[in-house]
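Just so it is clear, A, B, C and D label the chains in written order, and each chain counts residues from 1 on its own.
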Amino acid sequence: MTTSGVSEDESVTLDLLKKKMAEFAKERDWDQFHSPRNLLLALVGEVGELSEIFQWKGEVPKGLPDWKDEEKEHLGEELSDVLLYLVRLSDICGIDLGKAALRKVGLNAIKYPASKIQSQPNDDHNVNN
Amino acid sequence: MTTSGVSEDESVTLDLLKKKMAEFAKERDWDQFHSPRNLLLALVGEVGELSEIFQWKGEVPKGLPDWKDEEKEHLGEELSDVLLYLVRLSDICGIDLGKAALRKVGLNAIKYPASKIQSQPNDDHNVNN
Amino acid sequence: MTTSGVSEDESVTLDLLKKKMAEFAKERDWDQFHSPRNLLLALVGEVGELSEIFQWKGEVPKGLPDWKDEEKEHLGEELSDVLLYLVRLSDICGIDLGKAALRKVGLNAIKYPASKIQSQPNDDHNVNN
Amino acid sequence: MTTSGVSEDESVTLDLLKKKMAEFAKERDWDQFHSPRNLLLALVGEVGELSEIFQWKGEVPKGLPDWKDEEKEHLGEELSDVLLYLVRLSDICGIDLGKAALRKVGLNAIKYPASKIQSQPNDDHNVNN
């Protein structure tokens, strides 16, 4: 909890992360490397690291009940790396990621009406096509 | 701008997206499909679709000045798909993504002190290793 | 079986696929689009399509006993797409993929001596690091 | 050149790599870890490592004229890692990769007749969709 009484995670906005990433790059003179395709490939690299965590585990139950604290911490870091590059890529492309995400949730709701869909989301019924 | 005077994107928190994704799955009885590795592979699928947008374009300048509105809209949708599955995967794994991301930004700042780093972030100096 | 008595798949060399991809691009004047990073992103796109096949299935047994013929055919196409772009990327980068692969198998055998390794290949004991 | 007078890379078949990977796993008792989705995630991990090589480089010319020998060697290893897991994944799924790849080249030739296609392979004209 912060001093404002709001739990920290609830207050983490995509805009805050965007600003932090922009400052981080500026302070290190890294803007020169942050082109769209450079950032996209960096994102793919992080998705690879995320996948490596899960690669030899077989099916993993929700909540990761058998994982050690250090494994969960590592997972949190890789998930974050993907997020941070995604936020930065969106910013560099001039895309408002938060706005786009809310819009996409709305589009998905139209595409998959709750009252009609109860089956498996397959290739034809993919929520995020 | 919303009636509160806060622009919509500034108020989009990771927690809000997490709740929307959880509701969406629940309303469609899709929780049964949202295992960690299913969601991870869905995320990889969306990263693939994001990459396809950039695949034949050669280097792309920041801000995508030459892209049509519909191309930017499509890009926003694919960026969102990656984000939404990332948020959902984190939730299903019991990881607080916003908290983890802020922590990772802090770790990166320690690993790459602004006063010392001015060179290219390569394999050894990778901000998000 | 071909008339030579050698089954077709046994005779499919990486060099043959390289030549076929080079001809294919030349005949369509596509060499101009086949830069290393364009091909890499195309490869990532195909890996995404491959992942989509497996994304909602949960754990899948070896040999895919329950898959329909058309599903296996689709899988074969996506595996092939990844292979074909990998072969083309290697060629455009001036890398002899067959030679590199044999060398890597040898390096792996040194890194993981058969007599000593019986445990799970984890992050530290990863055969293909 | 081998003693047979055939250059080594020309004789590297997908079938040879399949056999080598199968032996490698058997000798280390790793068959138990080589399920389809485990191998797929391992493949994604290697694609990530491949992408990391290219991530901060901007556009890269064909043939990689400015790359050091050790960089090209590293690239060859990562390309090989992707190939080896792809070969292994295909084998475990019961897919004849060489046969499937030749078939896919044929399908692509039908989809994109050489006489008609001279434009950029975009989302609609994607050689490997």
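The rule we apply is simple: a contact is a pair of C-beta atoms (placed from the backbone, for glycine too) under 8 Å apart; a residue touches a chain by one contact, two chains touch by 3 or more.
Per UniProt, the chains are A, B, C, D = dCTP pyrophosphatase 1.
Treat the numbers as computed from the prediction; the structure is a model and nothing was measured.
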Can we say the copies chain B (dCTP pyrophosphatase 1) and chain D (dCTP pyrophosphatase 1) touch using the same residue numbers, with more than half in common, or are the two sides different? same
Where the CA atoms of chain C (dCTP pyrophosphatase 1) average out and where those of chain D (dCTP pyrophosphatase 1) average out, how many Å apart are those spots? 3
Centroid from C-alpha atoms only, then distance chain A (dCTP pyrophosphatase 1) to chain D (dCTP pyrophosphatase 1), rounded to Å. What do you get? 28
In chain B (dCTP pyrophosphatase 1), which residues are in touch with two or more of the other chains? 33, 35, 37, 40-42, 44, 46-47, 51-52, 54, 56-59, 120-121
Drawing the touching chains as a network, do you get a line, a ring, a star, a complete graph or other? complete
In the complex with chain D (dCTP pyrophosphatase 1), residue positions of chain A (dCTP pyrophosphatase 1) that touch it: 33, 35, 37-38, 41-42, 44-49, 51-52, 54-58
For the complex, give me every residue of chain D (dCTP pyrophosphatase 1) touching chain C (dCTP pyrophosphatase 1). 8-15, 17, 20-21, 24, 27-30, 33-37, 40, 42-44, 46-47, 50-51, 54, 57, 59-64, 72, 75-77, 79-86, 89-90, 92-105, 107-109, 112, 114, 117-118, 120-121, 127-128
Any idea which chain B (dCTP pyrophosphatase 1) residues touch chain D (dCTP pyrophosphatase 1) in the complex? 37, 40-41, 44, 52-53, 56, 58-59, 120-123, 126
